[in-house]
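By written order: A, B, C and D. Residues from 1 in each chain.
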């Protein structure tokens, strides 16, 4: 098979990209994300058509947030779009006239990193995506593992604190409440409130108030050595690393890949995550340790991964 | 391949059994478990030789507690025997003159249940063993998943309570401290201490003191409706079910199999585990639910599973 | 001293009541609660004037949510009204021409119960108020203990779950997130979502959805034996009782008084709280146990207590 | 009243000291702690007689670990000595012919600091003692507050982690499991095990193994900048400070005094405790903050306090 198209559905843009067998994006087309569920289907089809112009396309892979069924055809539930048992594969196939594969977006990103990014050469890889929330994907024996019903690898919703923070999913204590971009900002706000004198650099980057702190401020302040910002990253890393240790107990992969916006900070966040991982790894002196690697594809992982999954069929 | 021998290393007995392709045990030989690490190797070889007499044996599978390496040859670490990087496969092969496979005992039991017990017909199964501790095994796509280095499926040591109970592994808050036979007895003792008037049935089964409560007392008392015993099972189930919900988020299997001594109580423990599982399952209304099944092979699962893994080669 | 006026500032009504030395309310006047901070001061003065007509009044006591300083004069911070270092005593004294005492509302209610309600005859009493949130008051040696700076007895904000639920105060894991009317409704909603078949009675009392569940529905359903409602009260009691056990370790009172709207359900909530208290009480077999009593004055405790505190001067 | 004798019952020595009205110890006599409960009574009497020789003694105060009843006469329960409802006051009075007051040892130490140490000039003080475990005492309105039944101020056993570490008291998650000398050593051992390369200084001070780490090694290593030792103190301070914030919500004292062996390290431990206290203090921007002070009397606080309590009668 030759070229395929990967589709990434973001909050503001839907991107379709033509991807070759090496994972290179040859062409991209973006459209704004419409407000309605049906409008998004239209926009996907439009983006695919535009991106594919002038290319011989064999298949389309769509990465969507939410539960995707085991046939990779139906979105059972999407958190941000009103899709409930939405037959996305059928709808798009009818419109674009190409075979379509639907995949959970974090699974797609994991596959992208495994195939063309930090995971190359590994057979057993766990990817986590530290974005606004926390997602991920499982590769075991060179295959993406989706679970019996398609909804495996919902890493963000394992319970790490009984009776803990309320999560958007309705449960409490979910990992993504403690290890994600949103958690990072909460850590920074709480610390800036309690000890503003240690948050001067951080507060100066925003509107001067703890409430006005944004993720980009925390990153910038941490790079400048702001104690509150550095401590906020450390807290994030404490939870991220402890969770990776749990995943090591369960999956024992050869590598973890850490992606998502938070990981763009590189060693600022990777280094403390590695330390925390090592601190909490069970039986660490008796077993080979998985590597903890930074993702390499950035925001393109999902699109490239979706395209490649479509190629695999 | 025809007959193989499975070996189960218990705290008091080492059992070797001749197993056919249907998982039937044709012959068994048991020897007392010697106190020394080297003595146990001798005993394994002796039990295999005795059990195999009069049979045409093709291979031997040994289930051992602890970390077994990815080549299924070396015990990296055993919690109860002083094996550290013990080349068990080589030692036993040299002595019994047959191909040997070494496997983690909970993995072996999981495989036994998958092949010949409650897991028949499922492709993706997670087994948990509620014994003194908590172990388990992962079957995905009809294969036992051992991790890159052989030490996957250490379910008992995922952290369910940050800063929680001290575990024998050196860490804190491990799942097996909250969902296991040992936990059940602790729950009963604590409750009997606090409210002895609700523990009359339970206390009468032992020596009359909370300190003297044993697991068998809790089971018997619960069957007689003793409030403290019933509540202790409910507490165990609360933690077991919540953990299964986490495993569903991660693995999304079609079935969970619950084995180990605690599960011998059947619906007394299975029913509250199912309820707790459902209580904590994320996105329960949007996804197919995994079944929670009772193990069927009892204490033979490990021996049968080890034999079958040896047959598979 | 003869008659005094107590003032209770509610979310919708401000009530002023003329109270005699036996704690009997002789006359009451209510006015709607104005939306602005200054308007509330006006309304307090108006209510006091109206209620006092035809009576010889010696002093006024005002119960206010929030931090009140050690001079019982200034509201340092109020959660629901924009009072920050508000000199409430001075403002009202100038307008009504009577000595004024300002007191935290939960302290006032505790004092009311101690003097005229469930606490009569006790010298050392801890009151907790399970309303929307959780408040309370401390009586030691027949005196209300307000702390050095006036802000003691903030029971609702001790941390019972590290990294737990986010609280309105900005912190996490505060007791009132687990033991309060708001918590009760959350428990019911979560359980109704997970197992709607066990919430039929509860759901039928509201609009049929878990989201539509209100506190009064949970109470009514629990009295009808609805499993989800009963279990929600049990969960509330689990946390309330465990917290009382902590307070027993700290204060060792002769009695706890449980008031607030949740306690209006009487034994439905008191009985499981007592059991949980006993379950978690440290050293229970070696020490006399504090009684856990239901409050007797209902919603009038704050007004009566404020009036009496004004009488004491 | 003139001179009184204070008695401190330690694990290896029983010390009796003659104390004047200024809290100065004029004379001391120590005897080894006998192994039996009755022998300890004998030893107390002997030490009192010896210490008092040549002095005009008016009364004796005994500080004892455990629950002491509200009459300050009977030890209801002692953790380390087999005293159960032991009439210690009567026994010693009969033998030494002086009025005797029995007091919980942490209460006595708190009183000593309040009267002659860091608490001078404060009316409302909370003392915590970070020794092997965690104890404390409450002074409100210039009086030691013992609770209705004598067993208040058991700070070490408030629950700070639900389902947390097992405590000697039989409960789980008690504060003293997280903030005490024993906790400090556990933190150091866990960290040294996980990352021995960061514990070189610490390990070199003992026998080279994590298991051999003692409290004094952690202190010495922290002063030399050993990362694992410093981090262990930080973890201790994290829990100590958060607990003090809870106590501030409850008691709102003007000062906290931190004593016990751990506090001998001075700012090494006080500074991070203050930071943590401030991090977790509720409503910190709206209320006056209690000071967090180092104890001044060291190991003599209990003896001096017991003597002074006897003087007060």
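Basically, contacts are C-beta pairs under 8 Å (C-beta built on N, C-alpha and C of every residue); 3 or more make two chains touch, one makes a residue touch a chain.
Treat the numbers as computed from the prediction; the structure is a model and nothing was measured.
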Practice task
Moving only to chains each one touches, count the minimum steps from chain B until you reach chain D.
Solution key: 1
Handout entry: Chain whose average C-alpha position is farthest from chain D's own
Key = A
Completion exercise
So, in whole Å, the Cα centroid of chain C is separated from that of chain D by 34
Problem - chain B and chain C, separation of their C-alpha mean positions in angstrom - result: 50
Problem - Rounded Å distance, chain A centre to chain C centre (Cα mean) - result: 45
Fill in the blank from the handout: Residues of chain A that touch two or more other chains sit at 161-163, 170-171, 193, 280
Practice task
Give every residue of chain B touching chain C within the complex, in rising order.
Solution key: 162-163, 191, 193-195, 275, 278-281, 284-285
Practice task
Flag every residue of chain C that touches chain A in the complex, lowest number first.
Solution key: 161-166, 170-172, 178, 190, 193
Completion exercise
Contacts from chain C onto chain D in the complex sit at residues 67, 76-77, 84, 122-124, 138, 140-141, 143, 145-155, 157-162, 169-171, 174, 242, 245-247, 249-254, 280, 282-283, 286-288, 290
